[in-house]
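Presented sequentially are two complexes of chain A, the first with chain B as partner and the second with chain C.
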Partner chain A sequence: MQLLVNALIAGSLAALIAGGLALVYGVLGIFNMALGQLVLIGGYATWWLYQVAGLPLIVSILGGLATGALCTWLTFEVFVNPFYRKHRFLPLVTTIAWSMILDGLILLLFEERPRSIISGLPEGFILWGAHISMQQCVLVSVTVCALCAFGYVFHCTSLGRRLRAVVQNTHASLSLGINAPLLYRAIFIMSGVFAAGGGIFIGIDQNLSPTLGFTYTIKAYAAIIAGGKGNVWGAVLCAYIIALLEQLLVGVHWFNAFYVPAGYQQTVALLFIIGILLLRPQGLFAHKVRSA
Partner chain B sequence: MALLSLSDISFGIGQHQILRNIAFDVAEGDIVGLIGPNGSGKTTLFNVLSGFLKPSSGAILYREGDITALSAARRSRLGIGRVFQNFGIFRDMTLEENVLVALEALPKDRRIQLGDLRTVVGETLEMVGLSSHAKKKAGCLSGGQMRLLEIARTLKSGKELFLLDEPTAGVSPKMTGQVADLITALKREGKTVLIIEHDLPFIGSICDRVIVMDVGQIVLQGTPGEVKKSKELQEIYFGADPTT
Partner chain C sequence: MNFAWHIITLIAIQMPAILGYNFVFGKGKIFHFGPLGVSLITAYASVLTLVHTQSFVLSFVAGLCAALLVSLLFAWLSFRLEADGLGVISLAVHLGLMAVVLNSNVLTRGALGIPGVKRMAFLQSVSDFAIFSGVIAVIAIIAAYFLNRSAFGRRLSALAEHNWYAEAVGVNRRHTHTWAFVIAAIGSTFSNFLFPQYLTLLHPSDYQFHSFVFYIMVIVAGNPGSVLGVATSTALLMILKESIRFIALPAAMIGPVRLMLFGAVLFAAVCWRRDTLFPPKREV
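On to the complex of A and B.
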C-alpha cells in the first residue's frame, strides 16, 4: 500500500511537469532541455520568498509560479523562438546550453545544500498501513484539481479548441485565422508554470537540490514519448506508470533475496524510453485515426 | 474590380527559383483554375498567397490593399480561405469541433453576424450530409468526406476568396460531383475561387478562366475552351509531338 501511495505522489509530481510539456512537444515538436531547471527555479523562488523574505505561503507560491512563467518566457524568446524554425533540433542544443547556465546560477544563488519549504501543515495519518502526510494530501489534491481544470479548458472551451487545433494541424489553424504564434507562447509559458508548480511540490514534499534538474527533464520526456506525440493525457498517465514502476523497482523485496538500491530508480525512465522506442515508437496512447 | 492582384511574384530557395515573375488578376466572383504539371509551382504559389511563404519579390493586393507582408492568420481574417491538398482538418477533433473552431476564430463582428454558432455548425454539416457523423472524430472519415468537411467549413466561415488545392484528389467520382456542386454554390454566392486541379474536364466544367503554369511561370491563360485547344497545353502535359 505504501508503494502505491508513494507512486501516486511521485506520479502526480511527474504528471504536473509532463502535462504542459506534452503540449509544447505536440505543437512545436521541440525538446526543451532546460525544463528541469525551470522546475527548480519555481521551487527555489518559492523557498526564497517564504523562508527568507518571510512572505505568506500562498503569496510565495504565486511568486514562484510567476518566476517560473517569466523564466520560461525568457527561454522561449531567447533560446527557442529564434532557432526552431531553422531546424527543430536546434533548440535541443540551445536549451542544453541554457540549462547549464541555469544550473550554475542556481548553484551560485542557492548553494549546494538541500532546501525545503516548511509548510507548517499538521502531521499526517495512517491509511491501510500506509503513512500519508497532510501536505502530500494537499499536493496530490491540488495537482489533480489543476489537471482537471486544465482538462476542462482544453476540451470544453474555445481556447482549448484552438490549442488542440494548433497542436493537430498548425497550417490549417493559421489558415482559419487562429493566432498560432501567440498560442505557441501561451503553451510554452503554461508548461513553465506547470514545471514551476512541480518545483514547489518538490520543495514542500522533499528537498530542493541544484543537481535534480536533469532527472526531472528525463522523467518528463519519458512520459511524453510514451504517451504519444501531443497526447497530454497519455503523458499524464505514463507519468503515473513510470512513478509506479520506480517505486516497485526499489520498494519490492525481490525474490525475498534483495532490494534494488535506490540509486537505480532513475534508470526506470531511461529504460522506459528505450522500451517504448523499440516496441511502440508512436507511443502507448497514439491517436487512432484512419489514414487518408 | 480585381479582388486579388499579383504583380511580379517570385520565390526561390537558395539558387533554385520556384516562382518567376507571376502576375495575374482575379475578378470578384470568378472561378479561376490553375493547372500545370507536378513541380510547376502551383502549391508554392498558394503558399505565397496564403502567407505561409514570403515572396522574394513582387506584391499581392487583396481588395486593393497590400497584403504581401501579412501573416497567414491575418490574411485569413481578411477573408482568404484555404483548402489543403493533404487535408487541413483536425483529425482528433469531432466534426462539430472542426467547424466550431473555424467559426470561433472569426473576427468578433463576423461571429455576431452568424448568430448562434452551434446552429451554424449543424447547418454546415447538414449541407454536406455529415450530420450523422457530428460527434465522430474527423480522422475516421473517408478522404472524400474530409474534403467535403473542409470545403464546407471554409465556406461557412465567411471567406471571400477560396484557395482550393486539388479538392478532388483522392475523392471518389460520386463525391467529385458533390465537390463540384459545392464550388458552384460558392460561385452562386458571389465568392471568388482559385483552384488547383489536374482533372482537366473538371476544371473545364466549373472555371471561368484557366491559368497554365510550367517551371514556375505562367505560360498560358484564357477561357477553358481556349486553353484546351492550345498546343502549349498539349506540350506541357504530353510533351512535344515528334511529328511536328
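On to the complex of A and C.
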C-alpha cells in the first residue's frame, strides 16, 4: 500500500509536468529541453519568497508560478519562436543552450545546497496502512484538481475546442479565424506554469537541488513518448505508470532475496520506453491525426 | 610550455570522438544525443579490462566492442523513433548508463572512479601524449575528410536532406546510418582509450550531460558535417574551455560561469547557423 501511495505522489508530480508539455508537443511539435530548469525556477522562486523574503506561503506560491510563467514566456520569445518556423528541430538545440545558462544561474544564485520550502518534518497519518503527510495529501489533491480543471477546459469549453482545433490542424484553424499564434504562446506559458507547479511540489514534499532539472525533463518526455506524442491524457497516465514501476522496482523484496538499489530507479523510465518501442513504436495511446 | 602540451593533448584526444559524432549528428542530422553514453561505457570497458588483464591490446578491443554494442543500440533506437524522440531517449539512455556505472560499486567503484590507470610505456610525459594523440588526431582528420567526400558521405547527406527521396533512388537508410554509428563508435574508442590513461583516472563526472553539450557546441559552431570546420572549432573551443580557469573568479563560480558561457556560445552558434543547421529541403 505504501508503494502505491508513493507512486501516486511521484506520479502526480510527473503528470503535472508532462501534461502541459504533451499539449505543447501536440501543438508546436517541439521539445523544450529547458523544462527541468523551469521546474526548478518555480520551486526556487517560491523558496526565496517564503524563506528569504518572508512572504506568506500562498503569496510565495503565486509568486513562484508567476516567475515560472515569465521565464517560460522568455523561453518562448527568445529560444523557440524565432527558430521553430525555420525548422522544428532547432528549438531542441536552442533550449539545450538555455538549459545550460539556467543551470549556471541557478547554481550561482542558490548554490548546490538542498533547499526545502517548508522546513521541518511534516506531520503525517496512517491511511490504509500507508504513511502519508498532510502536505502530500494537499499536493496530490491540488494536482488532480488542476488536471481535472485542465481537462474540463480542454474538452468542454470553446477555448478547449479552439485548442484542439489548433492541435489537429494549424492552417485549417487559422482559416476559421482562430488566433493560433496567441494560442501557441498561451499553451507554452501554461506548460511553464504546470512545470513551476511541479517545482513547488518538489520544494514542499522533498528538497530542491540544482541537479534535479535534467532528470525531470527526461521523465516527462519519457511519459510523452510512451503515451503517444501529443496525447495529453496518454502522457498523464504514463507518468503514473512510470512512477508506479519506479516504486515497485526499489520497494519490492525481489524473490525474497534482494532489493534493487535506489540509484537504479531512474533507469525504469528508460526500460519502460524501450519495452514500449518494441511493442508499439507510436506510443501506447497514439491517435490518428485528421488531415485534409 | 606544459600547459600548451596539455591543451594540444586534450584537443587531439577529443578529435576522433568528435569527428566520429560529426558523421552522426552533423552530416547525418541524426538526433543522437547519447555520444557520452557510448564514451562512458567504452572508457569503463577499456579501463576495467586493463586493470584485470594488464593488456593494452585487450583493453582497446574491449573498449571497441563495448562502443560498437552501445552504438548499435542507439542505431536501433534511431530506426524506431522520430528524430526528436530519439534525441530525448538517447539522453535517457545516457542517464541510464550513468546510473548503472554509479551504482555498480563493486565493479566500477561508483562515484569514486578508478584511479591509477596505467599508461602505455611510451606515453609517460605530457609531450609524449601530445605527440602520439596528435598523430592519431591527424589520421582521424584525414580519414574523416575522405569518408566525407566518399559515396558513403554523399548517401548520408542525401538521407539527411530527405530520407524518402534518398531511399527512392536506392540509398539504404539502415545500412548507411548503421555505418555512421559504427564510425562514431570507432572514434569514441580511440578517444576513450587514451583519455583515462592521460589523466591516470577514470571518473564518471567527465561523462556528464555538460560534456555532451561541448560536442554539440563544437559541431554547430564548426559547421555541421564539415570535417575541417569541426576540427578547427574543437581546437578553438577547447582553448576557450581550458582558459576559463585563468579568469580571476572564486573557485565555486568557475563551474557555473563555464556552463553559462557554453550555453551562450551554443545559442550564438545556432543563431549564426540557423539557416544551414537544418537546411530546407530542395524541391523541384
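Note that in this section the second predicted complex is superposed on the first by the 283 of 292 C-alpha atoms of A that agree within 3 Å, B and C clash if a C-alpha of one lies under 4 Å from a C-alpha of the other, contacts with A are read in each partner's own complex, and residues count from 1 in each chain.
The definition used in the following text is that a residue touches a chain if its C-beta (ideal position, glycine included) is under 8 Å from a C-beta of that chain, and two chains touch if they have at least 3 such contacts.
As the structure is a computational prediction, the values presented were derived from the model and not from experiment.
Aligning the two structures on chain A places chain B and chain C next to each other without any clash.
In the superposition on chain A, A:I178 contacts chain B only, with no contact to chain C. Once chain A of one complex is fitted onto chain A of the other, the partner contacts of A:I218 are limited to chain C, with no touch recorded for chain B. Angle at chain A between chain B and chain C, computed from CA centres in the superposed arrangement: 90 degrees, to the nearest 10. In the superposition on chain A, contact is made by A:L107 with chain C only, not with chain B. Applying the stated contact rule after C-alpha superposition, one finds that A:P261 touches chain C and leaves chain B untouched.
Touched residues of chain A, counted separately for chain B and chain C, are more numerous for C.
In the superposition on chain A, A:N169 contacts chain B only, with no contact to chain C. In the superposition on chain A, contact is made by A:S158 with chain B only, not with chain C. Least inter-chain distance for chain B and chain C in the combined superposition, rounded to the nearest angstrom, is 6, based on C-alpha atoms.
Listing the residues of chain A that touch chain B in their complex gives 158, 161-162, 164-165, 168-169, 171-181, 287-290, 292. The residues of chain A lying in touch with chain C in their complex are 30-31, 79, 82-83, 86-90, 92-94, 96-105, 107-108, 111, 214-215, 218, 221-222, 225, 229, 261, 263-264, 266-267, 269-271, 273-274, 277, 281.
In the complex of the two chains, the chain C residues touching chain A come out as 31, 77, 80-85, 87-89, 91-93, 95-96, 99-100, 102-103, 209-210, 213, 216, 220, 252-253, 255-260, 262-264, 266-267, 270, 274-275, 277-278, 280.
Listed in rising order, the residues of chain B touching chain A in the complex are 50-52, 71-74, 76-77, 81-82, 84, 86-93, 97, 100-102, 104-107, 137-143, 146, 157, 170.
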